[in-house]
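Shared chain: chain A. Partners: chain B in the first complex, chain C in the second.
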Partner chain A sequence: MITTLPPLLTGCVALLCAWVLVGLAGLLRPGSVRFAGRTLFTLGAVLGLGLAVLAGASLLSGGTERLILPLGLPNLPVHLRLDPLSSLFLFLLGASSFGISVFAGGYFRQGEGTLPGLLCLQYHLFLASMGGVLLANDAYGFLVAWEVMTLSSYFLVTTQHRIPEIRRAGFLYLLMAHVGALCLLLCFGVLQGGSWLFTFHAMRAAHLSPGWAAVAFLLALIGFGAKAGLVPLHVWLPDAHPAAPSPVSALMSGVMLKTAVYGMLRVGLDLLGRPLWWWGLAPLILGLLTIFYGVVFAAVQTDMKRLLAYSSIENMGLVFAGIGLTIVFAGSGMPAVAALALLATLYHCLNHSFMKSLLFLGTGSVLHATGERNLGRLGGLIHRMPWVAWLTLIGTLAIAGLPPLNGFVSEWLLLQSFLFAGQLPHAFVNLLIPMGMALVVLGAALAGYVMVKFYGIIFLGQPRETSLAHAHDCGRLERIGLLWLALGCLALGLFPLQVVHALGAVTGQLVGAAVPQASAHWWLLAPVPGRSVSYGPLVFLTATAAVVLLTVFVVRLIYRQRVRRGPAWDCGFGAATARMQDTAEGFGQPIRHLFQPFFEIERELPEPADRTPRYRIAIRERIWRLAYEPLARAVGRLANAAARIQQGRISVYLLYSFVTLLVLLAVALIS
Partner chain B sequence: MKPVDWITQVLEMAAALAAAPVFLGWLNQCRAWLQNRRAPSLWLPYRNLHKLFHKEAVIAENASPLFRIAPYVVFGAMVLAAGIIPSMGTRLPLVVSADAIALVGLFAAARMFMTLAAMDVGTAFGTLGARREMMVGFLAEPALLMVIFVASLISSSTALPVITAHLASGHVGLSPSLAFSAVAFILVLLAENARIPVDNPATHLELTMIHEAMVLEYSARHLALMEWAAQLKLFNYVCIGFALFFPWGVATGHIGPAGLLVAIPALAVKLAAAGLGLAVIETVSAKMRVMRIPEFLGTAFLFAVLGLLVHVLLKA
Partner chain C sequence: MTHIPLAQQLLDTCAALLLLLSFAMLSQRRVVTLVNLYAAQGAVLAAATLLLAWRTGEDHLYVSAALTIALKVLFLPWLLHRLIRRLEVYWDTEPLLNVSGNMLVGLVIVVFAFSLAQPITLLASTATRGAIGIAVSVVLLAFLMMITRRKAMSQVVGFLSMENGVFFGAMSASYGMPMVVELGVALDVLVAVLVMGVFFFQIRERFDSLDLHHLETLKEHE
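Moving on to the complex of A and B:
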């Protein structure tokens, strides 16, 4: 037994256990920021790096390792498995958590709600449980890890539990997470297919009728969709993600949402075997709706972290649209194109993990330096916080999908797979796909709008408040964390062929086809089977840099005049103040105007003669009034009706028991 | 790729650099004639650039380094874009690394840097221009991409030279899907280059301007680069139009002196006709209100999507 321990999997499990230990160590001196905050978080970061190395090695080897641990209930050992799919997501967890944990080491301070030592325990439990979700090879282990993940993140969200809104956000998160978890429970119940064996191995072997398989797929879509923030199950996300401290927001948006993607891929493409093509339509259509919905709402937000949360919703829409497309292609007997779509999906997961973590951490630094989350009170921080500003700029450009950074690569791959839609054997879908492509492209362009708003209002322009003059740049540990994630964005953008190579094992495992390497050059990405299209970000960057440098050189050569600093011109208008710049509301105005039917807008307009005019505008989602509030009322009514049989007197309850016994006896006698 | 292809590559970029100001001059001349004005010189844009390159630059006190980098990035992006679009020959080495989607991405990058630079000084006009530019951009960019996708579905590639070579090969007439996308493309071209129904390049009236509002704070060499980049952008868009809808006269093989003898006059004739056509459009239409622009561009987007649907339905 001991001699046959699988090395990589054992290493991963050991690292997860070490995370838990690091968390527990936080309880030794719970009040000390120096010990719990600095030392332990940095230690946890190193463990994350180790996990990324092990998972990366497993991904490159493409092998599968299994392990059975005799833990838990008798006769129910924990099954673990490390295959290419889990390796990829473990790598994502390890690599982005390294940056986030290092940043967190410099971030947490005294007096921010929960004690640092307790935060340390919750944080590392959260990390370890995500690892557990990715390694579990049976439904019990998966669901236990899933629940630990939900609960630990709930406590992290409610770090500042003295604020009522944050408690409310936490409750909503817990509620939605459990609606999702119930669906997953039912889903695994369907998947075991009458064998009553809950290992994933048995589920793969079970033969489900197409009807039951579709039910299982739908349950998985609801369960994992609720975690991923798929419209209409997204309502918790824009409240919960911003409520948490910034490193936790980064972890939730960057990594936790990806565990939902992992689960969807595991159930939809692995446990269910060969999917039918029309199942893919549900994630595809929901994903497309989510893209559009998320990005439109992101454009009108005034809170910087809420804006990023809506942007996460949009990106998860992109990922689920990719999953849907993969299933449509895989079910229609086009494995090579399915592999391309899956590649785009996985690539986007990696990208989003780095970009969104970077942006959330950037907002964390801004929040610490200024104490402001409202975009309308920030501005001009590029002068005060150059490190944060320039590193965040990389994330901003990446998430806006600009070449040669990483966001562009996954969008490029996704569009290339959309372009194959004309070859599908289903006429109806053929018509649907161009519309989908239009939505993806529109979403990408709107993401650019959102990011210009995000970056321009926080970091550029003049400071909108006088207090911003005291803003300071972030500390050394925070810089390292931001730098790591920014370098990740660059590397994923510049070396796509190497990433695609590594992802080949996953596409091979899930859809049975690796993406063919049509290109002979290491710098050129040409993954489209049978078509002469290619993309070479390194050449692209070199050419751009060459042209720009040549321009600088030539301009220096011919330009003999000096450069003078002066007051801003502003069309000669001398009395301009910082308050005349666009606020967040102002910058989002065109979108608000255009997509008015989507929003529920509440305006507070000043009277004409008002001496101290105040203008306020609040935007809510219509979905609250249309769906969630009626639902909540209905649940309340049901609960009230049920409360009628609760009298609070012991004799009445004894009567209930007696009647129940009589009924059961009658049933037993009759049958 | 042979050395001769690299020569073509550099030649195309140099030609774009040289021809872009003249093209704008020609467009202004045509407009002046149609409006019964005395036409300015064809070389006026050149003189303007020359003048700007020899002036003292004034930069706002609170401008960040981003403000000074942006003109070079925007200009560089436009020059590179000129090297990706097959205006004279289709054998371009750079195209292997950047297809049409990357080209649209390049335009988006230029736009992003321009709007960020506009917000950098923190004046009301700058942010106003940036906001309006992004409003134009978020509809124009997808419309352009959809237009390109129609052509790429027809020719099974997103690489522009492959598309051009396929469309120029003759067995593709003007298909209905391309006709739809041509209409969409013209609308996008007008909006993206700040031409008349969307923006007025001749005005400094604050309430209506978009492009001018963004470059207000620039002076001297930075302004020159921004202006030149705008001229290049117009040139590039017109050349994309040629590549998709009028791909005649473009050399498809290794370009030689004989190929150049055909390609250069063909491009010149097409540019002259395009300038005249744009001048006619700008003369007969009036500037629209800012909040009508999304309708205008929404129409373009829908036309492009219709083109795609028509292609899927009719396979034509």
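Moving on to the complex of A and C:
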């Protein structure tokens, strides 16, 4: 039967296939940076832009398209579906990947582990599989795409596979991803509810008992939480994200983590139907814990990419807290507030995707220009790398949650939705949740602290090493990539009303309500009914710009001709060098001191008379000693016990089979 | 007394012979004789298949009988004899369980197999349904033989004999497996024997013996 193909979905599928083809084309000349690196990555970027346009069109239309592809095993076709939720995340994938791919086109050089052609294949497979996860409408297709995503990203993480730490980081990532995938497999097994049909359509129709539904929800939380880096399943993230080349880190942090959010929303709010309100407490509490944990660890890092990785953990905590809040509200019969919380969640996903990609790419440029990842050896790069510095500044301000950039909008919306928790019809909970809000605010404040550290130490001050004088600004393709993402941050920050309007279809699909538009003005966001709170970023920007311009004008007018440049006051010390600036360790010290119980600190202090003093401090997560190492020992003991059945004698092995066979036959005989 | 047709009686005789040969193999320590017994088992199996083909008129059974003769009566015994000559393994050492002990365990297994086959026998509608118990016995006895022998060569013969039992079981229960499956199984057996032949040479080269207890050193756990 041939019917007319759904235009947008078909287009998306074609673009995903084109990504795979672009990847395969990389194998034609695997050693050529010019071909595989420059040309193919740029081509892939254009495809990403196309995907963003199609997905955006689908999101605005708010419609749903379905397609069944007769691929794969017999009687097991691939079901695809493009609804507002998947459109939103596809848009995120396409738009972020455009910037990242363009940047990657200028980034990859010869002699960095994996050949460029192979890298091109892995990269584009990674992109296409993420698209597959978002479009899949049955559990088989979903899990296959999910695993391809994991494997391709594993190979991307281990690009520089000659370094043992990177291999170890890759292995840890693979291990955690498998634990997560196993939970997802079980989750879908529960969700089919005895029908043995694994399409999402059948899962929506299956009526699960509340107990089984809660089991499915918990499994999904573990499975997707492991991918998203939710504490305590986050341990792979601070190792794997910095190990990868920067465009891949950007893609993993910016986009791959969001597929976990997508999965959680799909299972929690779509496949499970109407969730019970208390389920939401699990992601809410874990999310709040993750926010705090991530930001505290980010504050004490000295490696710039590790710092960003911990910041990603913090942001995923915000997102999962938002999901939890959505479920609590939705399950308590408050759809309008649930829509507000969901809106904040989705908005934050979009924001984080742009700003974290931007920051990771910025660190990539710094890494290329200086060869350093250690914050303690950077500094003053704003003079050497103005493009990177100014564009990264936008991302830094955005992630610190400053208006009029995008990070502010989503955090503001999330806090607004927290304020409604007092109206919940459940005792205690309505008092406890507002306390979580305090944690969110603390997290936001500390995130600002972290970003001051990140930006200040890399780009401001004096260069800490003489080699930094040779640092060069990034190339043209890299500039375009950074610029695109920075513009994304600006646009998402300046036009929140339009974004909220576009997201209405998704909230309508998941919680059955859209956020009302109380304001008649196109520039004023007033999402909360019955309360006179509103936010107009353009007004803010105009006012700020006016004040700044006015100040500059007045200063010029008054101090005209009377400005002179002189050396900065050095407190009378005279011999200040660049090494005396505040270091990353020094900047993190207050946090380290305040939150000491969180860290396992290993310190190496020099003797007072030491001629060549060395100061070293290593910070590890307590969670390794408290949870993971005992777990590993237990598994080892179990494995040793199991190894006892390995006797090395074929007769004994045959006897095992024989006895098993006899027992099974006897059981068959009796029953 | 009910009259039993001649073909049926002959089939039952064949089945009994198969079981008898299985016991003979279980007690036999000379490897050459073991291979000969295996060939004899193959011949009896082929005869049973032919009888059944003639009795039921199922054409594909003729093909499978021809296959049995070619593979199990002629080719595999020839191959094994050649291996024995080249590897010079004429005798197996004392089995892990002595012969009389082996026989007693074997008897228990046959009783178990027949009681196991009873419900299937009642359900099956084929002429040879009484033989299902024998087929299961042959499989289990061959398994027992593999467990109790020390030399790799005897274990291979045990493995092949087990396949005979499976084949006979399929024939008794439903007049043979589909042709495709039968061909596939025949090919599998052939390949398995060839692979094992290669293994023999490797094992002997490594340990100067085909005695399998040398492989015990390969285990990881102390």
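By our rule, the second predicted complex is superposed on the first by the 665 of 671 C-alpha atoms of A that agree within 3 Å, B and C clash if a C-alpha of one lies under 4 Å from a C-alpha of the other, contacts with A are read in each partner's own complex, and residues count from 1 in each chain.
FYI, a contact is a pair of C-beta atoms (placed from the backbone, for glycine too) under 8 Å apart; a residue touches a chain by one contact, two chains touch by 3 or more.
Because the structure is a prediction, the values reported are computed rather than measured.
With both structures placed on the common chain, the touch criterion links A:L442 to chain B but leaves chain C unconnected. By the document's definition of touching, of the two partners only chain C reaches A:L661; chain B does not.
For chain A, the partner touching the most residues, choosing from chain B and chain C, is B.
Looking at the shared chain after the overlay, A:G648 reaches chain C, while chain B stays out of its contact range.
Of the two partner chains placed around the shared chain by superposition, neither chain B nor chain C is touched by A:F91.
Within the superposed three-chain model, A:S534 lies in touch with chain B and out of touch with chain C [touch as defined at top].
Looking at the shared chain after the overlay, A:W279 reaches neither chain B nor chain C. Taken together, the two structures place no residue of chain A in contact with chain B in one case and with chain C in the other. For chain B in complex with chain A, the touching residues are 53-62, 64, 66, 72-73, 75-77, 79-80, 83, 94, 96-99, 101-102, 105-106, 108-109, 111-112, 115-116, 119-128, 130-132, 134-135, 137-139, 141-142, 145-146, 149, 152-153, 156-159, 162, 204, 206, 216-217, 219-221, 225, 291, 294, 301, 304-305, 308-309, 311-313. Within the complex, the chain A residues that touch chain C are 640, 643-644, 646-651, 654-655, 657-658, 661-662, 665-666, 668-669. Only residues 96, 112, 115-116, 119, 140, 143-144, 146-150, 155, 212-213, 215-221 of chain C touch chain A when the two sit together in their complex.
Interface residues of chain A facing chain B in the complex, by the touch rule stated above, are 379-380, 382-383, 393, 397, 400-403, 408, 411-412, 415-416, 419, 422, 430-431, 433-435, 437-438, 441-442, 444-446, 448-449, 451-453, 455-457, 460-462, 524, 531-540, 543-544, 547-548, 551-552, 555, 558-571, 576, 578, 580-582, 586-587, 589-591, 593-594.
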